[in-house]
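Below: one structure in structure tokens.
When the chains are written out, they are named A, B, C and D in that same order, and each has its own residue count from 1.
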Amino acid sequence: MTVRFAILGAGRIGQVHARAVASTEGASLVAIADPVAEAAERVASGYGCDIRTIDEIAASDDVDAVAICTPTNTHADLIEQFARAGKAIFCEKPVDLDLGRVKDCLKTVEQEGATLMVGFNRRFDPDFRALKKAIDEGRIGDVEMVTISSRDPGAPPAEYIKVSGGIFRDMTIHDFDVARWLLGEEVDTVQAAASVLTDPKIADLGDYDSVNVILTTAGGRQCTITNSRRATYGYDQRIEVLGSHGSVSAENMREANIELANADGFHRPPLLDFFMTRYVAAYANEIAAFVAALAGDGKTPTTGHDGMMALALAEAALRSVKEKRVVHVSEILDDA
Amino acid sequence: MTVRFAILGAGRIGQVHARAVASTEGASLVAIADPVAEAAERVASGYGCDIRTIDEIAASDDVDAVAICTPTNTHADLIEQFARAGKAIFCEKPVDLDLGRVKDCLKTVEQEGATLMVGFNRRFDPDFRALKKAIDEGRIGDVEMVTISSRDPGAPPAEYIKVSGGIFRDMTIHDFDVARWLLGEEVDTVQAAASVLTDPKIADLGDYDSVNVILTTAGGRQCTITNSRRATYGYDQRIEVLGSHGSVSAENMREANIELANADGFHRPPLLDFFMTRYVAAYANEIAAFVAALAGDGKTPTTGHDGMMALALAEAALRSVKEKRVVHVSEILDDA
Amino acid sequence: MTVRFAILGAGRIGQVHARAVASTEGASLVAIADPVAEAAERVASGYGCDIRTIDEIAASDDVDAVAICTPTNTHADLIEQFARAGKAIFCEKPVDLDLGRVKDCLKTVEQEGATLMVGFNRRFDPDFRALKKAIDEGRIGDVEMVTISSRDPGAPPAEYIKVSGGIFRDMTIHDFDVARWLLGEEVDTVQAAASVLTDPKIADLGDYDSVNVILTTAGGRQCTITNSRRATYGYDQRIEVLGSHGSVSAENMREANIELANADGFHRPPLLDFFMTRYVAAYANEIAAFVAALAGDGKTPTTGHDGMMALALAEAALRSVKEKRVVHVSEILDDA
Amino acid sequence: MTVRFAILGAGRIGQVHARAVASTEGASLVAIADPVAEAAERVASGYGCDIRTIDEIAASDDVDAVAICTPTNTHADLIEQFARAGKAIFCEKPVDLDLGRVKDCLKTVEQEGATLMVGFNRRFDPDFRALKKAIDEGRIGDVEMVTISSRDPGAPPAEYIKVSGGIFRDMTIHDFDVARWLLGEEVDTVQAAASVLTDPKIADLGDYDSVNVILTTAGGRQCTITNSRRATYGYDQRIEVLGSHGSVSAENMREANIELANADGFHRPPLLDFFMTRYVAAYANEIAAFVAALAGDGKTPTTGHDGMMALALAEAALRSVKEKRVVHVSEILDDA
């Protein structure tokens, strides 16, 4: 069986997923949709697929699944449209920046019995998977403390920041999902600190660039997340997990594994500096996992619920910063 | 000029400092005091010095400086006694577990014009010094975020925990001092989470074994500290500092720098697992710095004020855990 | 312009190149040839190409280039056949195990004006390329000493060893090519030592499993190569180059970059243990470089001459072992 | 029991051993001898010992052992003098540059029943000891191949080179001893290559600065040694041993274990660049081992025989370079 895909959105991330679909055994790319004709044509010619409108895709019998790679503010509507159209749905995070809207959308997905996988690429990174496997095999005993260091090479443009929902919903959200994945217990409380240190314009936009978060589970397990919008040495993505019998950590990735030594010392190249090169294997694995789920029991490794919970943690972190106190996740979920 | 020392207390840490004094150029060991005769004799015979009582030492003309290595609850009284006796004082942290008592004690020191250095050994570790030097030379630009991972191989005995003042005052206090040293700005607020994960007896004693702390300065710089009383792989002591132009980090130390490779992979030995082996160079450097200060302008690299501020951060962390909110350090200092 | 390929041989390495051709921009796979019908069909169906005989391919107007992935003893004949047929030729190393036959074959290639690239995959490995780039940019000054560690996880089967030409021609030959590539001067003399340490059956076959070689150029630059047929920790592939201003080295690759720490120490996974996973990027880059050469000036980065010289070094090493003396490469070339 | 030492020679290495003796439990420093009055006085005042002539020391009842730290050309005579005087002898390598003279000297030592330890400091380095221990515990199975990388930061002055006996007898000799220590079988044959690459003046002195050596045992075990007189990044001292079940390697040492990361990449400091800082622990362990041997059964971990064999390997390497052939160690020993 081959899963026939349409991609909605031919931008940067749409292209990533088009390539992933094309190179995945058991998947084929049938159609691309994008209001920008040139963008759609590039994907169509590169992968030999049709150009169709979104509505045409929803009505297409030869499309089994869609990958939603459009701007965030369209995600929830498209998920609902394609849930009703009976298509399996892969959607880039987040479902929506508003938690209430997410809840409603997921209700629709449930009512329609649709399959929805929300894209949290990091769970599919080979190194992070090996780390998770070590935990699952009991090699570090019970998980006690998770430490996530996640730093971008530079801040996104102001235009993007404006519509991003802020650093917690846009950047830390990946780390919230990783934390939930690794802690092995649902997060109970959130504490956060946030500053602007790299560029005062970010403060003007009401956002932060430097944040630290502590998550605690009901059982007392803790996770710290440290984020910065500026790491001159590249895209810094590290995880360390302390357990009762040991710890496991994942190292950063650099373009070339060479070392130069001279009178100034020992030098290794900077890190890969872009999520699309750093997570190239993760994106491919992610689509493969979606395809495998559709071919199997339909249970995707990440779900709409995961998308909602990561967003709830982001909301809680923001509230903690504003109210200078520990925030229970249940407060956020109850308010939504 | 030679600084003539007496050591008060011939226990584990007293022996460390006896050796440090004996091997420091410009310092000599004149006397040891300890109520346990055997302990005093061992040091006296090992280093060829006298055994005297504390009061005799205070009255000795041939003693320029004392190193206070007695139990914590005697520190403040002894500091006051020797300040009045006109001796230079090196005292192991903390001055006292009660912040009010520390304040009073430091007032006496000030009134007597005495020299007081409080021992924070980590500032004298060669690797951490090299890290600090890199910061001071501007190699990472402005400091933005400090990350301190500090884990003990195992919890101390219950008897010790009872009188320790709790994990924040006993263990994290070292990290609070390192944070103040590296942040380059005084800490403004403290947030903390604390759990018991390694041994329920620790909860019975009213203490914690697993804590995370976020410190923030007025300028928005942040520091996270992560502590556990159990790291099976050894005594974990890492620092990482992110700045505007780069980052600098210090690695852990292991007994032998070898690597074994076989069908199971690549293996390096565990970390040094005891503060007295891990920080052997730091203790020697610390006494050397005290001696250099006495030989120079009298300004010690760490002071009674540093001791007080680290304790205030510990109090703030504890209050944050109890009251589930961000705590201003000024609240603590005002209340003391 | 698209380079239209046929692959000769649908075995393990033929499949690697089929995938490389299929995924290379500017290249397309037109036909596969293999006497084993099943093997040919798997490639044909997997990549949507024709099955043809070798003679049909030589006569095909829609084929611009061939990749020769057949057994070694057919290489020279096929190179001559396709040189005469006017096709560009990519051939897996070696051209032949007999140096005289190689010389004759290259003469034919030259007479026909054919393009011949001999596959030395390591030159196309991203890490080794970055190392070479550092040298070419002058970052280590003049090259003085090259050290190549190259160890296989385990010996090949006896059947393979019998027809392999021995360890120098089969395994070290890759290192000889890397040495020539990095030394920046042609090798003048060869010294070698060889033993059997892993399996006495290898001695029965007249071969060795453990060898060390020293190469020296006329200018006195030196290279050591250390080989073993058994490295329990994986496929060990390291290069280190010392220059007048510094050194540069390339690290090994492992499947996952994680580290586990526990009471036994710090553990990283074994190395990738197979040339097809270790050099997956190299094989893709190699075909891309061949295609780029055909699209450009026709000068391939590795040539028939490179194939011949690496073989001459192998012969010299073997003679050095047998005659227990330093052997000049010119002796070998003159005798061929 | 305390071993009472006299040090012969108050130069650089004499001072190293004076400090080692002074800080070793069970050893005391009684006297120093040096024709340069100032040098002797500095040691005498620094460690509170007498100044005596060599002959006075030989006649001193309160001296149990001597450490010979005088110029190489005096070693053999002094060893004989003190063997006859009934003192235990620690002598810096080499016994003599002439193998015949060494043989004679050792004969005298044997006749007198004297204890002689020849100083090969590397065997006492903590990391190399840990590596050896791993081998001895069977953790890598049977030793098959040893790789020693040994590079100096810079060449010694011409005056020193003139009397040094050449690179093989002066520098590689340490590696020859390490090779013998680790191979677990006596070396049978030697092959070597040697060039001058760093400074033509070294060629004018008839010496080399860049050498590679292959040693082979009767059982086929191999060792490669790579030496250069110039490594800009510091004092490069690495060992790697491949065995039938795995490998073990020892890393280099640097002054501070920190890493700086910025837009140019990741940077660690250069290596310690001087044998007296790099091997500070080794020198202390070496004297402690000598003292322990005297307190025990009198068998020192390194002997006059070790000194002779390392010199024989140096001679063999030199002959291999001159005669461009494999040289048997037995040829050298027979000729001496």
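Observations on the structure shown:
As a convention for this text, a residue touches a chain if its C-beta (ideal position, glycine included) is under 8 Å from a C-beta of that chain, and two chains touch if they have at least 3 such contacts.
In UniProt terms the chains read A, B, C, D = Inositol 2-dehydrogenase.
Just so it is clear, the model here is predicted, and its values are computed rather than measured.
When the C-beta pairs in contact are tallied for B-C and for A-C, the bigger tally goes to A-C.
On a Cα centroid basis, the chain most remote from chain D in this structure is A. Taking each chain's centre as the average of its CA atoms, chain A and chain C sit 40 Å apart. Per-chain Cα centroids separate chain B from chain C by 58 Å. Across the assembly, chain D contributes residues 231-233, 245-247, 261-263, 269 that each touch 2 or more other chains. Of all residues in chain D, only 231-233, 254, 261-270 touch chain A in the complex they form. On the side of chain A, the complex with chain B involves touching residues 142, 144-145, 147, 149, 151, 189, 191-193, 195-198, 210-212, 214, 216, 220-222, 224, 226, 228, 230-233, 242, 244-247, 324-326. Those residues of chain D that touch chain B in the shared complex are 23, 126-127, 129-131, 134, 139-140, 245-251, 253, 255-263, 269.
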